[in-house]
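Consider the two complexes below, in which subunit A is the common component and subunit B and subunit C are the respective partners.
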Partner chain A sequence: MKPKIAAQSGTFESSDVIFLIEPLPDNSGRKLEITSTVMQQFGASFNLIVEDILNQYDMTDIHLIAKDKGALEPTIKARLETAIKRSLDQQEGTLK
Partner chain B sequence: MLNSLGREIPEFIEGIGKLEPFQGALTKLRKGWMDEPTIPAPNKAYLPHQSKVCKTLEEAIIRCNPHNGMTVSFHHHLRNGDILLVQTLTILHNMGIRDITLASSSLNECHDPILPLLKDGTVTKIFSSGIRSELGRAIALGVLDTPVVIHSHGGRVRSIHTGKIQIDLAIIPASAADCEGNATGSTGKSAFGSIGYAVIDARYAKQVIVVTDNLVNYPCIPLSISQNFIDHVVVVDSIGDASKIATGTTRITKSPMDLRIAKLAADVIEHSGFFVPGFAFQVGAGGASLAVAKFIREKMKAKGLKGSFMLGGITSYCVDMLNDGLFETIFDVQSFDAVVSNSLLNNRHHIEIPAALYANPFNCGCITNKIDVVVLGALEIDVDFNVNVITGSEGYVRGASGGHSDTASGAKLTVVVCPSFRGRIPIIKKRVHTIVTPGETVHVLVTERGICVNPMFKELEENLRRAGLNLKDIRDLEIEVDTITGVPGPLDYTDKIVGIVEYRDGTIIDVIHQLKEKK
Partner chain C sequence: MTTNFKKRRSMLYIPGNNPAMIQQGGIYGADSILLDLEDAVALNQKDAARTLVRNMMKVIDFYDTEVCVRVNHLSTPFGLADLEEIVPLQPSAIRYPKTESPEEVAELLKIIEKIEDRHGLPHNKMTLHAMIETAMGVQNVFNIASMFSRVDAITIGGQDLTADMNIIYTPDGAGIDFARKRIVMAAKASHIDVIDTVFPDVNDEEGLRRETEYAKKIGFTGKAVINPRQIDVIHEVFTPTEEEIRKAYRIVKEFRTNSAAGIGVFAIDGKMVDAPVVARAEYILRLANVTVG
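Now for the complex of A and B:
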């Protein structure tokens, strides 16, 4: 699937992460920009979680920006899923 | 060679000299004296009515015979508002002076501008109790060839006595001073309270410059620093950013996590067996630490219990407790807000003390020896209760030894308060990255997830258990937290040593290796 609209979820607070998604032209694949305050210790783990969720939703032609301030794994997953669903226009209750 | 905590300590480091490994918190003190000889303080002579006042800081520095390889010292009572350290080093740099040893009682974020001077060889060696921010990052990454020496507040005094730190020039900013150099931090527009850390510099430096933005009529009262040690006096427009030196009062944290930790810590203190009439108490100024004072204050009022003295870094909260009559005396080596300066100036029971009296282990008894209960923070703590307050989880130097190990070694009850994880980083480790305070001097750890008593202290454990507190084995808590956060990947280090951590008695408790940053 590819994103329909630009979307975001999360915050810049400590222990949280913010995800920003925007659609890319066809056949662009995935473009990821990940920064994290705990990159030194959890960089590999963070990248894996993101890959995993993107694969679950079979996302492509997506530009994903993540700014992490030490979110726990469940937080990362929930924020990313929400951002994806919003970008697919599937999430109910999202303010537009 | 290994020290008694199992850390590998080299026998000799170029530019530092021979190192003695840490062998236990009180091992060297049991002798009753210090083997290392002390060096004499300089003796000087001034003629009657000779003027000490210089027009500019530069003029005063020129009079002090600046030279390559000199040691320049500063105090950190201006906290993050200090501007004179950067100014002084810039002046020396512009004169072409190189190879300077910087001996500041601590370094803050405001000192980041000296980083280029570390890179170009102006400053080649650093003694400090703390290093943070960009400077701490650069040092961890190996900007200096000679390792920095991290000392405690008490240990710094010892290092000056023994000549490990031989100060050629001491710069002493003061918020009020007179033409002879009598000086204080307790009055004036840039007031910062106690000037306790600078007293030893004034006594031992070959040249001493008092810098003030508030020249008062002779004599300047109180004589926190006295004229018989001062060579030159400089009047400048400003000694620092008053808004960052000391403002208003320190507020108690509103963070629910810190308050929960603090409440548990206060319960621990109440049932420890040391919460008795006449007890002596010290708390840090940080979030959960200071909040403990709030709950202790309530408990003291409820029980009608009165303590003896409060010690250390003093906040307005301590002053309130003094004014409430809960404690008889405050010993103040460092003040944290503007209200404290007023109290220090006006209350006879609020006493300014020098670092030597506060915490130097080698004299006939520093005041930290008289503490009953101290509450301290931690960047990391391990399952052996060793505490790291100097290097962050990402490997940078980002904290301060300060009075942590001094007070922990003196107190009957050392309570370490910290969250069990910060962001995604677990705070309880199998092994801390850098040991500053040895576990044998830490009695209990309090986190939001439970209380862990050091198994060395059975009676304390029994007292707390009987009071019905929820005690956990620190090894269980360590595993519990790892399950929540995941286990952090290891950092990469080289063999190069970029910092050595001195215990208060001068032995080496740990070293800091150069960090290799992952791309």
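Now for the complex of A and C:
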């Protein structure tokens, strides 16, 4: 699936991560920009989690920016799921 | 009404969109934490908080802290989505805000049970805490507390109640004193827990102690907490003293000895001990984590 709109989720607080998603032109694939305060220790694992969630939603033609402040796996997954659903305009039970 | 004992001296509110606080929920030392999807979450972040709380509940170890979740009211666009995500995880309890009538509780339970049926879950594990935060809720509190086996605690929401009554909250609690006592009586008559409202000034430790002592004196079993700094004071007030524990131990021990001998009523230090005194003593020992050998 391709993002319909630009969207974001998360915060810049410690133990959190902020994701920003933008649609790219057709056939652009995925462009990921990931920065983390714990990149050296957990960067590889962070990248795997992100790829896994993007695969689950079959996301393509997506520009994803992540700024991580040491979020745990359930937080990374929750924030990315929220950002993806918002970018697909599929979020439920919230005001926009 | 439930007979399962849960220690609920303190119930710490944790904003549902704050991962740092949620992941540390089990180490603050509160008896119970309340992951809040309602007032602590901005209206445009409800989806984010719900997903975060769901994920955290699946993997975070909260040790022996009771985990409850406050969902949004079903009259909002968020309540049903909250229940769909949270009920399958079966927290210890769902806290329902602004409960005003038994009909409302019946409707809520019907939805919860439908979700539980879809997931093959029992109807008797997760309980319900009804928050009384409006004048109408105060008027109907006995029926709310007594008519449903899954309601095992009621709580008073002081800030919302004063707003609903169109009065100003004062530190002496004068405006909500009738509500406090009516809610306590409904809980006692229904044999369920009753949790007092938060003390909003986190810098006023003496005020917190005073209000907690008053809450204990009129019958509350615990108090809501908005900052981990408040937990110790609340525990100090609600934890029985050594003298109370010793006395309770003696009562329960003597009761068991006398019961074995077929004696129902007896005296300790010249004072009659009967079933209500024993029940009170057993409650004190459970609060103090003491077992009679």
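Keep in mind that, in the parts below, the second predicted complex is superposed on the first by the 92 of 96 C-alpha atoms of A that agree within 3 Å, B and C clash if a C-alpha of one lies under 4 Å from a C-alpha of the other, contacts with A are read in each partner's own complex, and residues count from 1 in each chain.
Methods note: contacts are C-beta pairs under 8 Å (C-beta built on N, C-alpha and C of every residue); 3 or more make two chains touch, one makes a residue touch a chain.
These figures come from a predicted structure and were not determined experimentally.
In the superposition on chain A, contact is made by A:T37 with subunit B only, not with subunit C.
Shared-chain residue A:E81: touches subunit C; no touch with subunit B. Of the two partner chains, subunit B and subunit C are each touched by A:A71. Looking at the superposition, the partner that touches the larger set of subunit A residues, subunit B or subunit C, turns out to be C. Within the superposed three-chain model, A:S45 lies in touch with subunit B and out of touch with subunit C [touch as defined at top].
Once the two complexes are overlaid on the shared chain, A:E92 sits against subunit C while remaining clear of subunit B.
Once the two complexes are laid over each other on the shared chain, residue contacts for A:S15 go to subunit B and to subunit C alike.
Of the residues of subunit A, those at positions 14-15, 71-73 touch subunit B in one of the two structures and subunit C in the other.
Contact residues on subunit A toward subunit C in their complex (touch as defined above): 9-10, 13-16, 71-75, 77-79, 81-82, 85-86, 91-96. Those residues of subunit B whose C-beta lies close enough to touch subunit A in the complex are 393-395, 422-425, 484-486, 488-489, 491, 517-518. Residue ranges of subunit A in contact with subunit B, taken from their complex: 14-15, 37-45, 69-73. Of all residues in subunit C, those touching subunit A in their complex are 18-20, 23, 43-48, 50-52, 54-56, 58-60, 77-78, 80-82.
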